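Below, chain A partners chain B and then partners chain C, in two separate complexes.
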Partner chain A sequence: MAKVILTPKKVPELMLEAPCITTDAFAKKTPAQIADLEVREGKIPFKLGEYFEIVGNPGESAAETEIEIAGDCSRVKYIGTKMTAGLITVKGNADMYTGGWMKGGKIHIVGDVHSFCGIAMEGGDILVDGNAQNHVGCAYRGDWRGMRGGTIRIRGSAGNDIGTFMLGGTIIIEKEVFIHVSTHAEGGTVIIKGNVTGRVGGQMVKGDIYVLGKIQHILPGFTKVDQVRKEVDGQTFTLDHYIGDLGERHPKSKGKEIFANLYVRAAA
Partner chain B sequence: MPKLITQVGCPYCGSSCDDLEVLVSDDNKTVLEVRNACIIGNNIFLHANDPTRPKLPRMRQPDGSMKEISYKEAIDWTAKTLIAAKKPLIYGFGSTNCEGMSAVGRVAEKAGAVLDNCASICHGPSFLAIFDNGYPSCTLGEAKNRADCVVFWGCNPMHAHPRHTSRYSLFPRGFFTQKGQMQRKVICVDPRETDTAKLADVHFMLDQGHDYDLFDAFRTVLRGHDIPDIVAGIKREKIVEAIEIMKKSRFVMIFFGMGCTHTDGRNHNVDIAISLTRDLNTHTKASIMAMRGHYNIAGPGQVWSWQFGFPYCIDLSKGTHAHMNPGETSSIDLAMRDEIDCFVNVGTDAGAHFPIEAVKHLKKHPFITIDPNFCMASEISDLHIPVRIAGVDEPGVVYRMDNVPIQFKAVIDGLPGVPSDEELFDMVYERMCELTQTEPVWLAAKAHRKYPSSAVN
Partner chain C sequence: MTEILITHGFVIDPTQNINGDVADVAIRDGKIVDTVGSGAKVIDAKGKVVMAGGVDVHSHVAGPKVNVGRLMRPEDKLFKSPMAQEKFRMESGFSVPSVFKTGYDYARMGYGFVMEAAMPPIHSPHVHEEIHDTPIIDEAALPVFGNNWFVMEYLRNKEVENTAAYIAWLIRVTKGFGVKVVNPGGTAAWAWGLNCLKLDDKVPYFEITPSEIITGLLQANEYLGLPHSVHLHQNDLGNPGNFLTTIDSLKLAEGIKTKNKFGRTQVMHSTHIQFHAYGGENWGNFESKAKDVMDYVNKAKNITVDLGCVTLDETTTMTADGPFEHHLHSLNHIKWANTDVELETAAGVVPYVYDKDIRVCATQWAIGLELGLYAKDPERVFITTDHPNAGPFTRYPRVISWLMCRKARDATLNTFRHKDKVIEATTLDSIDRELTLYEIAQMTRSGPARCLGLSKMYGGLAPGMNADVAVFDLNYKSMPTDPVAIEKALQRAALFVKSGEIVVRDGTVLSHGHKKTVWVNVKMPENPQVVRDITQCFTRDYTVGINNYPVRDYLAPHPYVIDVDVEA
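Coming up: the complex of A and B.
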C-alpha cells in the first residue's frame, strides 16, 4: 500500500473543514496536486498544503492508498468522509464527522474523536483508541437512515445519542456511555462494555443492544423475557434478555410482532 | 386629545396577544396607558417612553469607554467587520419582526455567516424532533375551542406566558368547551410545584431529567403493556389514571416547554411526546404545541426555512449551500469551540443568556449588538446600534407560537433618525455590496425603500 504522510504545519485559527483528506481524493495524485486540494476555514478557501507538509505518493486507487496524519487534528473536520477503501491513520485527535458517510476502508484514530463520528456510515471500519463525544454512528438531522453497515469501535467512553436511527452495522463502546443508545433504531448491533446512565433503546423497533456493565434506568417500555448465554465480542456472558420498546409500533412476521432486543449482563 | 389604538399586538411572549388597547398622546410620541396586557407586556410599551433610550450608535474606545458615533460610521464598521471575518455568527431575533429577519438573510449570505436565533438555546430541540417525527399540531384557537384535557409538560405559563391560560388553554369558554375551566382536566408534569401545577387536577412531580422515561411509560400503558411500579418517581397507578383521563377526553392538548427541551435527552423528549400525541389519536383527538418564548421567535423558523430551508443554526459559510447541524452550527457550540471570529447580537441579550464561558470566547473577537435598549450584551459590545422597537414604534409581521402570522402595529412614532432592524440590515447589505464591488440583489418590494436621513448622511 502506497503511503502519504501529512504532518500538520500550523493550527487553524477556526476549525478546518477538510473533506478532501480521503484515500479517494488522494489516489493517483502527486504530492503537489494533493497540496493543492481545497480546504476551508469559515468562508475562506485555502490549500491543504498550507496546513500540512505532504510527503510520499498515493497508490493508483483508494484501496492502494494509505494516509498517515502525523500529528493532532483536533481542529480538522471531515477526515475520511465518504471514503470507499484504503487506510487513514491519525496519530492524535480528530474533530467532527470523522468517517462520516464512509463506505469502505479503515480509519484508525490514535486519540479522541469529537461528535458525529461515523455519521450515516455505510461500510468500513473505524477504530478510536480514545474517547468519542456524541452522535457516534447516528443519522444526519432529519434523516431516518442512520448507520447502515460497517463497524465502529471506541476503546474509551462515548457521550450520548449512540446509533440513533441505526439500520445496520456494529458499534462497540468499550467504556461508559451517557444516555440514548439506538434511539429509533431499526437494526444493527450496539455493544457497550461499561455502564450506561439510561434511555437505552427508546422508540427502538428492531436490532440488538448488549450492555455488559449496568444500566442505571431501564426504560419502562422494555420487559424481561428470559436469561441467555451469548458470545459478545469474543467472550461468553450470562445475559438478562429484555424486549422492547413496547411503547413503539413494531413490524409483524407471521402474525407476531418483532421486537428489539436488549441484553444486560446478569448480576453474578 | 389622546388616541386609543385597538387590536394592538403585544411584543412580549409567544402568546402574541393581539387584543391590547393602547392610549397614546395626541402627538403620537408617548404611550399613556396600556389595557388588557399582562404586567410585562404593559412595561414593554411604557418603557418606550424612557427618555434615556439610546438614539445613536456607540463605539467602544481604546480606553474602554463608549462614544456615540453616526449611523453611517456604525454601518460602515459593521459591513467591514462582517466582510473581514472568516466566519461571523449573527444570532438573536427573539424580539424583531419578520421583515428584519428577512433582511438579515441577505447580510448573512453576503458575509458567509452562521445565522442562528434564540431557538438555539430554547426550542431548537423541538425543531430536531419535528424533523424526525412530524408535528401533529393545531392553532391556539382550536385548543381554546376543543381541548377538554390540557397537559402542561415542563412549562409554566402562569409566569412565562401570563395570558396563555386566560386566552387559549385553560379558562376561556370555547365553541365545544362552553364551561371553560370547569370542562377541562389539567395535567401538569413538572418537578417543581409551580403556579401552573397548582391549577392542575393531576400533577406529576417527576424526577428531574426523566421526562423521556415517563413519556415511554405513558406510551407503553397506552399500548396495553405493563410498566414497573415506579417510573421517574411516579407510581404506576397514577400513570394509568392519567392515561385513562386522556383516552376519555374528546381533545387532548399537550403544551411543552423548556422543561422538555432542555433537560437530558432534549430533542428525544419532544420526539417521544410527538409519538405519544400520535398514539393518543388512535383513541381520541390529540395535538401538541411548543410553548415558544418570545412573541416572534416562531418568525425566524418560518422566514429562514423559506429562505434557506432550515429554521436555525444555518451555516452559510460554504458559499454553495446552507448547512445545518445543531451541536456543530449552534451558537453556544460555535462559541465554545472558538469556531467563529465575529459576533452580531440582534434583538436579544446573549450577554445575559449565554454561559459566561461562551461569552468569554465571543469577546475575543468583534462583538456587535443591535438592540433598542441598553442590555448586558450592549454593555460588553464593541459597537451598539440602537433600532426601533418592533411592535411599539415599528410595525411588522410576527408569528405566534402556533405559527399563525399576525400584523403588529406601531402605536407611537419612532425616535427620529433611528432605523428599524430591516432598514439597518438593508443599509449594511448595501454597504457590503459597495465594499465588495458587487451588485445588490433586491426583491421588487424593496425597490422604493427609504432610509432615515440621519443614517444615510
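Coming up: the complex of A and C.
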C-alpha cells in the first residue's frame, strides 16, 4: 500500500470540513494535486495544503492507498466520507461525521471521535480506540435510511442515539452507552459490553441488540421470552432474551410476526 | 432602462406562428418592441433558439406546506445544496428547495412566471411572504375553494351568485389569482376521517357531493369572468381504476361556456392528470388509461390539462388532499405531516421515492409521457411535474427530452427492472411520436399563458408583451441527436431576460431582477348576504378576526393587479 502522510500545520479557527480526505480522492494524485483539494472553513473554501503538510504518493487506486494523519484532527470533519477502499489512520482525535456514508475500506482513529461516526455507512470497518460521542452509525437527521452494512467498533464508551434507523451491519461499543439504542431499527446488530441507561430498541422492528452490562430501564414494549446461551463477539454468555418493540409492527411483516431481539446478560 | 436587441436567433413563438425563423427580438423598458435604437445592447444569438420565458401553470413553491416539507426533510438538502454563487444567496434543497434556489433554478431554465398552485386562504400572508422572497420570477397563487365551508353551504343551496361573491371577496383579500379545487369534498370529509372517492359521495354534515361542488364552482368562475378557469385537482387521486372518475369530472365542464376578457378558452383546467389516468383494480393489475383520458381531453375543447410527469426521483409529496397523503403514508411508512386548516382545507406532506425498479413507479413514469404524446392540441396540454409531487421542477428539461426523443425514453425504459411489465401495462412502447420544440413551446409557454388568462403578458414574443426572453444553446436547424444535450441546453439557458433585464447568462444568475406578484382584484357590487355571512363566521368560527385576515399591501410590495369588473 502506498502511504500518504498528512501532518497538521495549523489548527483551524472554525471547524474544517474536509470530505476530500479519502483514499478515493487521493488515489492517482501527486502530493501537489492533493494539496490543491478543496476544504471549507465555515463557508469559505481553502486548499487542503494550507492545513496539512502532505508527504508521500498515493497508489493507483483507493484500495492501494493508505492515508495517515500524523496528528490531532479534533477540528476536522468528514474524514473518509463515502470512501470505498483503502485505509485511513488518524493518530489523534477526529471530529464529526468520520467515516460517514462509507462503502468500504478501513478507518482507524487512535483517539476519540465526535458525533455521527459512521453515519449511514454501507460497508467497511471503523475502529475507534477512544470514545465516541452521540449518533454512532445512525441515519442522517431526518432520513429513514440508516447504517446498512460494515462494522463500527468503539473501544471506549458512546453517548446517545446509537444505530438509529439501522438496517444492517454491526456496531460494537466496548464500554457504556447513555440512551437510545437502535431506535426505529429494521435490522443490524448492536453489541454493548458496558451498561446502558435505557431506552434500548424503541420502535425497533427487526435486528438484534446485545447488552453485556446492565440496562437500567428496559422499555415496556419489550417482553422476556426465554434465556439462551450465545456467542457474542467471541465469548459465550447466558442471556435473557426479550422481543419487541410490541408497540410497533414491522411494515412489511404481512401478517407474519417479526420482532427485534434484545439480549441482556443474565444475572449470575 | 436599457434597450436590448437579441439578433439572429431561431425564434420559436407559437403566439405568432413563428417556427424557427431567424429574426431579431427587440426589448425596451421591460417590453418587447418592434425596433430599438442604435444604442441598444446587442446580443448575438446566432445558432441558438430564442423563446419566450416559460410559464409554469402548477407548482408548489411557496407557503406553509412547502415550508413543512423543508422542515421535515433536512436530508433533502444533504449533498444537494451547491455552494452559493458569489454575491448571491445560499441555495439549498432538491425536492423542496429554498425560495432562493426556486427563483434561481426557474430563471436558469428560462421560466418567467410560476403559479403557486394551492394557497390555504388563512395562510395567504405566509404564501405572499415566501413569494416576495423568491427572486426573479413573477408569481401568483391560487387560493383553495373546493372544501371551503362557505362554498359548500352556498352550493348546497344552489346559490351560485353568493358563491361568486364569496370567491370575489376571498381572492381580493388573499391577493389570490383564481379558483383552485383540491379533492372537492374529500378534504372536508377528511376531518371525519373519511374521503370522497366518487363524484356522488356525500360530504358529511354539508350533504353535498363533489360533482355539485365542481359544477357550482365552474358556474361561479364564469359568472365572475376570472382570468383563469377552475383549476381542478380531482377526486380519487393516485388510485388504480380512477380514470373513470377523472373522465366523469371532466364531463362536468360540458355545456359550460367561457366568459372572460382575457383570451382564455377553457372552463376547467385539470391538473396533474397523470395521477388520474390509472386503470386496473389494485396495485397488482395497475395499468395505464392515458389513451382513454386523452381521447376525451382531445375532444373537449373547453378543457386544459397539465401532465404531472413522474421523474423517478426521491421527492416530497405535498397536497391539500389530506386523505391521500395519509393513504400514501400507509403505503410507504415514511414520515407524515398532516394539518387541518380551519374552515377552509387541510394538507399533508409525505416524502416519496419514485424508484425506477418498482413497477408502479415506472408505470407512472410511462403514463405521464403517454399523456403528453397523445396530446393532439399542445396548446391545451402543459408540461409540469406537479412540483414537487411527481418530481422537482428542475427536471422539466429531462421531461422535455423524453417527450422529444424516443431514444431518451427507450434509454430510460431499458434501465427498468420491470421493463416488460411496464411495456405491458402502458402503450408508451408503441408510440413513436417525438414532440418538436415548437410543440414544447406551446406546452410550456403560449398554452399555459393563455390558460391562465395572461396571454397578453407572458408566453410570447409579440410587441407589447413582457420582455421575458430565453435563449437556449440549441441549433434548431440541426437539433442534437443526443437527448442529454437537449436536457443540458434547457437546464441552463444561454441567456434569460426577465422583464427587460438580463438575469441569467450561461446558467449563471446575474441579477435578482424585478419580480412581481400577480393578483386579481375582482370588483363586484356588494352582496349583503355574503357580507353578513362572512362577518358572522369570523365572529363565530374563525380563530382570527376579520381585520387580521386580509393580506396587507406590504406583503406583496411589487404587485401587478389585474382588475376584473363583474356586472351585476
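Convention: the second predicted complex is superposed on the first by the 262 of 268 C-alpha atoms of A that agree within 3 Å, B and C clash if a C-alpha of one lies under 4 Å from a C-alpha of the other, contacts with A are read in each partner's own complex, and residues count from 1 in each chain.
The criterion applied here is as follows: a contact is a pair of C-beta atoms (placed from the backbone, for glycine too) under 8 Å apart; a residue touches a chain by one contact, two chains touch by 3 or more.
Everything numeric here is computed off the predicted structure, so don't read it as measured data.
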item	value
Clash or fit, chain B versus chain C on superposed chain A	clash
Touched partner set for A:142, first chain B, second chain C, both or neither	both
Partner contacting more residues of chain A (chain B vs chain C)	B
Interface residues of chain A shared between complexes with chain B and chain C	43, 140-142, 144
Chain B contact footprint on chain A (complex, rising order)	13-15, 40-44, 96, 115-116, 134-135, 140-142, 144, 160, 165, 179-180, 183-184, 198-199, 202-203, 217, 219-221, 223, 245-248
Residues of chain A that touch chain C when the two form their complex	43, 45, 140-144, 251
Touching residues (chain side chain B, partner chain A) in the complex	85-87, 111-112, 128, 131-132, 210, 212-213, 216-220, 222-223, 225-228, 231, 264-265, 268, 271-272, 275, 279, 317-319, 324-328, 337-341
Of all residues in chain C, those that touch chain A in their complex	72-76, 78, 83-84, 333-335, 351
